[in-house]
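What follows is a pair of complexes built around chain A, which joins chain B in one and chain C in the other.
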Partner chain A sequence: MTSTTMAENTASAATKVGLATGAAPFRLIRRGLVYLLLSIAAFISVFPFYWMVVGATNPSAEIIKGKATLGGSLLTNAATFFAQVDAPRIFFNSAFIAVIATALTLAISSLAGYGFEMFRSRVRERIFGLLLLLLSIPFAAMMVPLFVMFSQAKLVNTYVAVILPTVASIFIIFYFRQATKAFPSELRDAAKIDGLKEWQIFLFVYLPVMRSTYAAATIIVFMANWNNYLWPLIVLQTAENKTITLILSALTSAYTPDYGMILFGTVLATLPTLIIFFLLQRRFVEGMLGAVK
Partner chain B sequence: MNRIASRRGRLLGLALAGISFFSVAAASAGEISVWVWDKAFNGNTMREAGALYTADHPDVTFNVDDSASQDDIRAKLQTQLLAGSTDGLPDIVLIQDDIAQKYLQSFPGSFEPLSDSIDMSVFAPYKVAAATYDGKSYSLPFDSGVTGLFYRSDYLEAAGFKAADLKDITWDRLVEIGTEVKAKTGHLLLDLDLNDTGVIRMMMQSAGQWYFNADGSLHVIDNAPLKKALETYAKFYQAGLVKPVSGWAEYTGTFTSGEVAAVPVGVWITATIKANADQSGKWAVAPIPRLDMEGSVNASNQGGSSWYVLSSSDNKAEAIDFLKTVWAGNKDFYQDILIKRGAVGSLLAAREGDAYKASDDFFGGAPVWQDFSTWLSQIPSVDYGTFTAEVDSAVQAQLPGIIAGGDIDAALQAINDQAQQQMQ
Partner chain C sequence: MAQARLDRRDQITGWAFIAPALILLGLFMIYPIVWSLWMSFQVGKGMNLSFGGFANIMRLTKDPVFLRALGNTFTFFIVQVPIMIVLALLFAVALNDSTLRFRGLFRTAIFLPCVTSLIAYSTVFKSMFATDGIINEALMAVHLIGAPIGWFSDPFWAKVAIILAITWRWTGYNMIFYLAALQNIDRSIYEAARIDGVPAWARFRYLTIPMLKPVILFTTVISTIGTLQLFDEVYNFTAGNGGPSDSTITLSLYIYNLTFKFMPSFGYSATVSWVIVVVVGILSFLQFLVARDRRRSA
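After this line comes the complex of A and B, so read on.
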């Protein structure tokens, strides 16, 4: 909607200018094309979301036929979902794993990022380079050895097994290191002169200054953990320990899937990430643009 | 990005290994755990079997877990067997027949040979053959994918065809029938998905062939039934009888909405078709057509799965005794799961029960279960080998060219080359 009105405004503005210059019709067409493409792109990215919400209100048979308008089966779908899935337990699993993993990841990875940037040395650069190299190893290649480790540690089918491999995230370390480059070293020097110890500087100076970076990282890490699929799939064994992502996948593969019920579950599973995103949205954008002003 | 664990994470993992908070106790003795992938079908069927056994053996209970999809179960089995760690694996697991050989051959010793303690001659021979490796059979056969040609009797009658006209015909004859149905009623004959080789595989199996030789090597280039199947597949498209679909939802939606006149498919589709109660009496089932060549019969298979006992199980003896008592011995149980879940088991004697003898008004009062169990015993045995999935995807890659009238021999060569590459 907004993009159309904007297009109209720009179009009329362009016409006015166009009276004076001969190149205006071209600009008009170019503008038009740009907005057309943007509208198409916006439609493509919004439509699946719309489809998911609308699907949750329709019975399975209607969804298969391609009905894309609101229906009256929301309550039926909800009832079926809650009857088939132990929702409180499953959502608790997902939330517990995602929250603890996010907190630990932020704590450990931001410390590492801070350390790599503040205490530079040739050896540490080597280690950092090695870490970046590790980013290129696909997880599938590490799955079997990782499983052997957790199996020997008797941690298979526990939350710990899901959380531990994610807490030292190389990407987040890298992200914090990049952000720390913008952290004014004068602040640290001043704090040192005032007699603060390194951990105090980190806690009382660095952390408040970098809160936008933390906010952005929270969204990224929370989403990755909430949606994490492959490793929880392998390491969680019993139904009562599984996360919502795994349960949704299982529901989809039934011989006669109830799409209305599945889409209802999908909407529920999307909510937490959505809420976190909207709560931290302003900071997220700031964090992405560069945290320190 | 977070899936990538750093070394540090792993070291920490070892360091914290001693703290096993949140750890969940292993399955208690006397509890048989089972992994299945569909709550309504194989899940509830297994729960019912378990309840029957527990009634006579109160010390043995069952924990049927249907919280993973079939792909998920495969991924877990594969990872754990590769890791050599059987921690948390169930006592009994359901595996689809056409993938079973992969597990039996890749992980020898991981599954219990059931033919040592259970008489396999009571089951449909082709099901037993699918799980036989090195002279021993490892599975307790569960649901059969015995195929039939489900068709809209009202459409065919309108075009002048009776049930007898569809009995024991060839696929070529079906093309002729379909052409007339389309001309007289306007309905297309079939809906087919180019990403699904199901129909081609059932055609091939009806002639007792699969993608492989006895020694496991590829049997594609001079595989006459496969060539014939691809030719026949192309004929449906060239005669304009196919509604192209994509994905499972559209595939089932097309024939349940009455858009096409027929669907050649495994018996497990019955529940999906019967879910549309308003179409009662408008459907019928004929034997699956055969290929127009020597050795092809009017019986084949699509899908189906079986129970396997893991050697790592702490309850092996109980699990095997359970399978033997209920699944290999209780005829009444098979009547029950047929009525309640539409599950056609592989126990040949089940056909003597009441449920199998009953006729079904949905299918015009025909004794469809008796028919299916007759066809079940006629299905040719084939060796599904270990690389069916790889050849399948090679076949899929050639289908668009084949239906456009491309050269079949060239396509077979291309399938052979692509599959060969992936099998190395």
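After this line comes the complex of A and C, so read on.
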């Protein structure tokens, strides 16, 4: 921008500001609009949660007629849900898959993120660049060969098949590498002088220092696994091995879905991720900040 | 600096740290990707495949369902991504004002949709979009519509419902990225601009947008990839068929149907999946170009 246009801009801006500060109501109106906009957004964001909880207490016929107040059918809906769904088994499947996959993903991806950042070499930088390129290849492009691989290995319909392809996550590797940039190198140097080996530094220095990064990654990975749909839909084929996400989808696909019962199940399926989010919320935002920096 | 030449032992340690990830990625990502590229030139049903050269690509051009899926995916992408990015930016800028009351509450509320699974929220939305349901009721109460909309029986409104649902689910997610980036911007720049009398919109246009450009680019690319892979919501809304009459079928849903629903044609479905790869590649490249051009002219 040249200095003359800058001066012009500033001049015209100054008159505008003069008008605005001269009229306090104008600023008040703008403030009010911001609150209005945010309130509408917040309402729209939260309403479906309210709807889900209220729906769990209403019969299906009322739900599809738009009844948005508490009803008396909670127990009926619960009974129908537990009669149709082997809930302990299904929730165990979901929890087992999500917990194991999250633990493995964090371990493997944080090791790699640390390795890429701390031990830079030309070859490894090239590999890292290649991985970032692969990040943009959609899952659809590998799902058919993956399915053929697992069916040839006779692993279709097992937990292993659901978990294994997800544990080396390029996104989480990238995330840990970014966060490692903020890891103070003096700590590592000091630990080295104390005679710690690299794996000891990783385990006893890096890991405790980076706990908010791990917390944030835990949320992201756990939710992704708990909510994962397409790949489990392909490899989990018998009812007793399915996750809650798959069961909910199957119930919704019925010709006349029983929404009361389904929304009851949806509440159950959403609770774990909601609880984790509220417990780790501050960590989550901290971790996100680390990733963007 | 870490740039210093590594000795032999450090080299070995470096490889050891990344080896588990590389082995897994090689096995479950790179190998399947290469395989599917090879598969995309194969024709035949089931495991009876033979080399067909460009036969699959020719078939693409004459396949009405594929063309429909490609068109739908583009519609979702062109309409949904810009709306979501603009809304997310708007909310982030509003929430970045430290004098605003209830910031934490607003932020949590707008981010909340991200904790739901794609299946859970599409189920909830499906029940809200019922013909006599709450959405139609509300729209009629404020006289926006005269008669109930058949959200899932009309090809146009079915698309609108899906776009509304996706926007609900992902706006807060993008907003968090912008908020994080905004908090990294040095406040004194804004103070200086304000004292110089630069109005709010100009501060937004000439300070905020350029400084957020890398994050905007990042979220746009991520959203593009996400939208082009759209599957869960459409599958759940339409009981897996992309109806009414293929009006909401997406590329991913078509690949799924080709592979697991009809007599499997692995080769052809691999070809369709590589269409997504190529489109994602082209769009990401264009987005990088646009971002770079703007920087040059600024």
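What we mean here is this: the second predicted complex is superposed on the first by the 268 of 293 C-alpha atoms of A that agree within 3 Å, B and C clash if a C-alpha of one lies under 4 Å from a C-alpha of the other, contacts with A are read in each partner's own complex, and residues count from 1 in each chain.
To be clear about the criterion, contacts are C-beta pairs under 8 Å (C-beta built on N, C-alpha and C of every residue); 3 or more make two chains touch, one makes a residue touch a chain.
Since we're looking at a predicted model, the values are computed, not measured.
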- request: With the two complexes overlaid on their shared chain, look at chain A and say whether chain B and chain C clash or fit.
  value: clash
- prompt: Looking at the overlay, what does A:V34 touch: chain B (first), chain C (second), both, or neither?
  reply: second
Field: Touched partner set for A:I234, first chain B, second chain C, both or neither
entry: both
- prompt: Can A:F147 be said to touch chain B (first), chain C (second), both, or neither?
  reply: both
- request: Report for A:I97: first if it touches chain B alone, second if chain C alone, otherwise both or neither.
  value: neither
- prompt: Of the partners chain B and chain C, which touch A:L280 in the superposed model: first, second, both, neither?
  reply: neither
Task: Could you look at A:V160 and tell me whether it touches chain B, chain C, both or neither (first, second, both, neither)?
output: first
Message: Contact-wise, after the overlay, does A:I137 reach chain B, chain C, both or neither (first, second, both, neither)?
response: both
- request: Identify the partner contact of A:M261: answer first if only chain B is touched, second if only chain C is, both if each is, neither if none is.
  value: neither
Message: So in the superposed three-chain picture, is A:I127 touching just chain B, just chain C, both, or none of them (first/second/both/neither)?
response: second
Statement: Comparing chain B and chain C in the superposed model, the one touching more of chain A is C
Field: Overlapping segment of chain B (options 44-52, 80-88, 116-124 or 278-286) - the one that collides with chain C in the superposed model
entry: 80-88
Message: By the touch definition above, which chain A residues appear in both interfaces, chain B in one complex and chain C in the other?
response: 63-65, 108, 131, 134, 137, 139, 142-149, 164-165, 167-168, 170, 230, 234, 246, 249, 252-253, 257, 259
Message: Going by the contact rule set out above, which residues of chain C touch chain A in the complex?
response: 2-3, 6, 10-11, 13-18, 20-22, 24-25, 28-33, 35-36, 39, 87, 90-91, 94-95, 97, 100, 105-106, 108-128, 130-138, 168, 171-172, 176-177, 180-181, 183-184, 196-199, 202, 215, 221, 225, 228-229, 231-232, 235-236, 239-240, 251-252, 255-256, 259-260, 266, 269-270, 272-274, 276-277, 280-281, 284
Message: List the residues on chain A that touch chain C in their complex, please.
response: 9-10, 13-14, 16-17, 20, 34, 37-39, 41-42, 44-46, 48-49, 51-52, 55, 63-66, 68, 108-109, 111-112, 114-121, 124, 127, 131, 134, 136-149, 164-165, 167-168, 170, 173, 185, 198, 202, 223, 226-227, 229-230, 234, 245-246, 248-249, 252-253, 257, 259, 262-263, 266, 269-270, 273-274, 277, 281, 285, 288-289, 291-293
- prompt: Where on chain B is chain A touching in the complex?
  reply: 1-10, 12-14, 16-17, 19-24, 37-41, 65-72, 75-76, 79-80, 82-85, 87-89, 248-250, 252-253, 257, 268, 271-272, 275
Task: Write out the stretch or stretches of chain A touching chain B in their complex.
output: 63-65, 84, 101, 105, 108, 131, 134-135, 137, 139, 142-161, 164-172, 220-221, 224-225, 228, 230-231, 233-234, 237-239, 241-242, 246-247, 249-250, 252-257, 259
